[in-house]
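The chains carry the letters A, B and C, assigned in the order they are written, with residues numbered from 1 in each.
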Amino acid sequence: MDQPEFRFYKLSFLLPGLLGLLAVILFPLFFTVRVSLSGWSAVSPGLDFDGLANYRALVSDVRFWQSFERLAGMAVGTVLIQYILGFAMALLVWREIRYRRFFRVLFLVPMMTTPVIMSVIWRTILHESLGPANDFLGLFGLGPYPWLTDGSFAMASVMMVEVWQWTPFMFLLLLAGLISLPREPFLAAAIDGAGPVRTFFNVTFPLMAPVSIGAIIIRLIEASKIMDSVYVLTSGGPGTATETAGYYIYIRGLKDFEIGYAAALSVTYLVVMIVLLTVIAKLLVRTFVGRGT
Amino acid sequence: MSLVVQELSLVRNGVPHLGGVSATFPRGQLTAVIGRTLAGKTTLLRVIAGLQAIDGGMLDLDGRPFGRLPAWKRDVAMVYQQFINYPHLSVFENVAFPLRKKRLARTEVERRVREVLSTVGLADFGKRRPSAISGGQQQRVALARALVREANILLLDEPLVNLDYKLREQLRDEFRSLFSTQEHSVVIFNTTDPAEAMMIADQIVVMHEGRIAQIGKPADVFEAPVSVAVAEIINDPPMNILAGRIDGDGLLLGEGLRLPAPPRLATLPRRAYRFGVRAGELAPADEAPLVGAVTFSEVSGSETTLHVAGEKGSVVLQLEGVFVMPPGTRIGVAIPADRLFVFEDDGEGRLISAPAAIGGS
Amino acid sequence: MMPRFYSALKYAAVLIWSAFVLAPFMWALTTSFKTANGVTGGPTYLPWIQYKPSLHGWESLFGGAGGIDIVQPYIDSIIVTVGASIISIVLGTLAAYGLSRFQYRAGFVKNSDIVFFFISQRIMPPIVLAIPFFLMLQFLGLLDTKTGLIIVYIALLLPIAVWIMVDFFDGVPRAVDEMAMLDGCTPFEAFFKVVLPNSLPGILVALMFCLIFGWNDFFFAFTLTFTDTQLLPVAIVALNSSVTPWWSLSASALISVAPLVLIAFFVERLLSRGTLAGAIR
């Protein structure tokens, strides 16, 4: 369908969406780049030209790079946990379990809920004296723990909430993959007398490699934006213990109103994210495919 | 009153799909386009339908060029190999779709759809969804939808190939009467099966590697294929082709297979040729010049196909009746020298001499 | 002996995870019926036994004292989410169909590059867009309006719609739309009369994801609207102050996540039928 008669239709299908997105995305992107070259702040609002001053400053902005490391650790950590748990749960309700459709629905629920709103609830759960978390652990003689007021605990809390929220997404992608797997390799494994563990490592896991890669990449992309839960649970604190890159930029830009500097941070954030995600995606494909063949 | 295509050419990614195709397809006649897979048959139909752009060439119907009309203005109906119907519409609505698109009166639509559905034997299936009927029936629906329009041009792209053997024969037998209603249409029917083409076509177009190798009446093409390629395509199993030569002692085929030269061939210049013989004209014989082992045998319907590999050459035989020949069985094969086709021994392999037609038609 | 042990282990794992998944909802449910006394005395769980239940939290959502009026944010959230989702689905479906059926070429840009451009928008951190969006909407006079948020949400949701639908259309045989064109339909008619009716499962999946990601956004609603327009997440987080009325908070949280939880049922149906496998890759 590449004849000239089709040209009008061809463009009519694509252009509204493409131009719409370009209009909404491209302006902000170029604008951010431009602003990052300015000294726009609460003191001197306006689009002057300040060269690479902001970029020079951010190179030695320890708090920024730390927030980045923290984000990377959180994203990779939570996505790995989500992958393991999500895969486990998907396997469990894949077949041969009673009420599996009920459990499937239940396991999907958290991803349908609004992260900030559930974080608000989690905040009440993790409340040191009034929340049920410490109350529950107290039954076993544990705690009470400073869930949101100690650096390490706060980090663990944010990660736990992320895991609660997004394991279902991993579960969904992996279960959809499991359901669409061909039956023959499993029959062959069963005929060979392979047990559940061997079947998993020799058949299920290799067959799921492409789905796994896709799911992990999708989740890493989304996790690289972690921010809502941090905002509600800890506001980056205590101190800067749970401050992620996005949250730090938010503080510098929309709280301290250092627009120019925040824009430079944003551009850096975006570029680093794209580079890292591309590298990780390539690495994942290589390891999984390498093992699969 | 006919469809004329001239010098159609189409090259994609350096591969020529059509290399200067010219042909005339008269209205009221059924033309079978026969060729191997990837010979350009489907591309030709898609170009005529307007679904595929061409690099050059002309298309006209009754003297009016239509190459620049978009597909939806061409009045071309098409049946695909896969059973393609609109999954969300009932059988009746599927067939009615093109008529409703033309804004025909409701009673007219009803009448014509019922008529066509009963012609294809689906009168009672109007309310079903395509997914709720068998593959053969689905293809009948597709056929009905193409027939109901009484379009100027009706294209069928190997419509029977995905049906099982019995259904294929059954539907093939009905085709002549089905198309008799399309007396004003150009009907073009793609196939890889010579028997199918012979049985239903008024005209045969043989395609090979994006070009038309031969056009003619079925019997003419069958009796006198212009080249080795056509001879292989128009016979199923493909004609046996053996390299050889004519010399003072007669014919020399394959690796030292001697045959006396019949009068028709004795006068030919003494040099290298390629000889062809139909699989159906070979027969097992005790005293035979060619002896070999059966490598593969296949029974289909009431015929047996034997692949025989001998020291002096390998051939395929097609025998009437069912024979059980395990691989390794040694048999002799009689080669009737007067039934040999003689082709030029070069890349093109032009026909030099063909045996007399059987039955003299 | 072993199979029974495995089986017990399996059910135990499923039940533990279920408890973890359900815990916040259970806690929110019981908290929503508490009063200040029920909260400040330490964690309690069972109404009537451990604390005296009250409808105060729920009443406060509908104009009662000490909470927020949730009705208007609810309506705003629905308008913005549904509006942006529908526009994204319409634009995204059209673009995806084009990308699935036609060859586009502009310089070195090909179909796959255009698809990648759409999808890559998901990498964009919200914070990168927040400041320019703010200024853009201010310039357009759309700050603090539903229209402004809808425009922004389209940028978030359109990539999702394109992504899901391109894969879906790739799975619908081209022959179906070609057939429609031969039957006299223009490409538009072929799309609307034939392709679209057969693509409803894909559109449903795309719509669900748009609704989920639209309904659950907080950051843009938070930075781009203030008083005239207030979406649910912003309204509820505003309650999260130092003297938090946990009862109102819990009630509003439950009522705001409820509609999307219903989507889980649809997702599960599509999942178990295998429809999702084709739609998500």
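Quick notes on this one:
As a convention for this text, a contact is a pair of C-beta atoms (placed from the backbone, for glycine too) under 8 Å apart; a residue touches a chain by one contact, two chains touch by 3 or more.
Note that the structure is predicted; figures quoted are calculated from it, not measured.
Shown here, the protein chains touch in all possible pairs. Counted by C-beta pairs in contact, the busier of A-C and B-C is A-C. If each chain is reduced to the centroid of its CA atoms, chain B and chain C end up 55 Å from each other.
Work out the mean CA point of chain A and of chain C, and you get 16 Å between them. Residue positions of chain B touching 2 or more other chains, listed in rising order: 50-51, 70-71.
Annotation for chain A: residues 1-2, 6 touch two or more other chains. Shared interface positions of chain C, i.e. residues touching 2 or more other chains, are given as 178, 186-187. Interface residues of chain B, counted against chain C in their complex, comprise 49-51, 70-74, 76-78, 80, 82, 84, 86-88, 97-98, 101-102, 145, 149.
Interface residues of chain C facing chain A in the complex, by the touch rule stated above, are 6, 10-11, 13-14, 17-18, 20-25, 27-28, 31, 39-40, 42-43, 45, 91-92, 94-95, 97-99, 101-104, 114, 117-118, 121-133, 135-136, 151-152, 154-155, 158-159, 162, 178, 186-188, 191, 212, 215-216, 218-219, 223, 232-233, 236-237, 239-240, 244, 246, 249-250, 252-253, 256-257, 260-261, 263-265, 267-268, 271-272, 274, 276-278, 280-281. Chain A meets chain B in the complex at residues 1-6. Within the complex, the chain A residues that touch chain C are 1-2, 6, 9-10, 12-14, 16-18, 20-21, 24-25, 27-29, 31-32, 35, 85, 88-89, 92-93, 97, 101, 103-118, 120-125, 129-132, 135, 164, 168, 172-173, 175-177, 179-180, 196, 211, 214, 221-222, 224-225, 227-228, 231-232, 245-246, 249-250, 253-254, 259, 262-263, 266-267, 269-270, 273-274, 277.
The part of chain B that touches chain A in the complex is made up of residues 50-53, 68-71.
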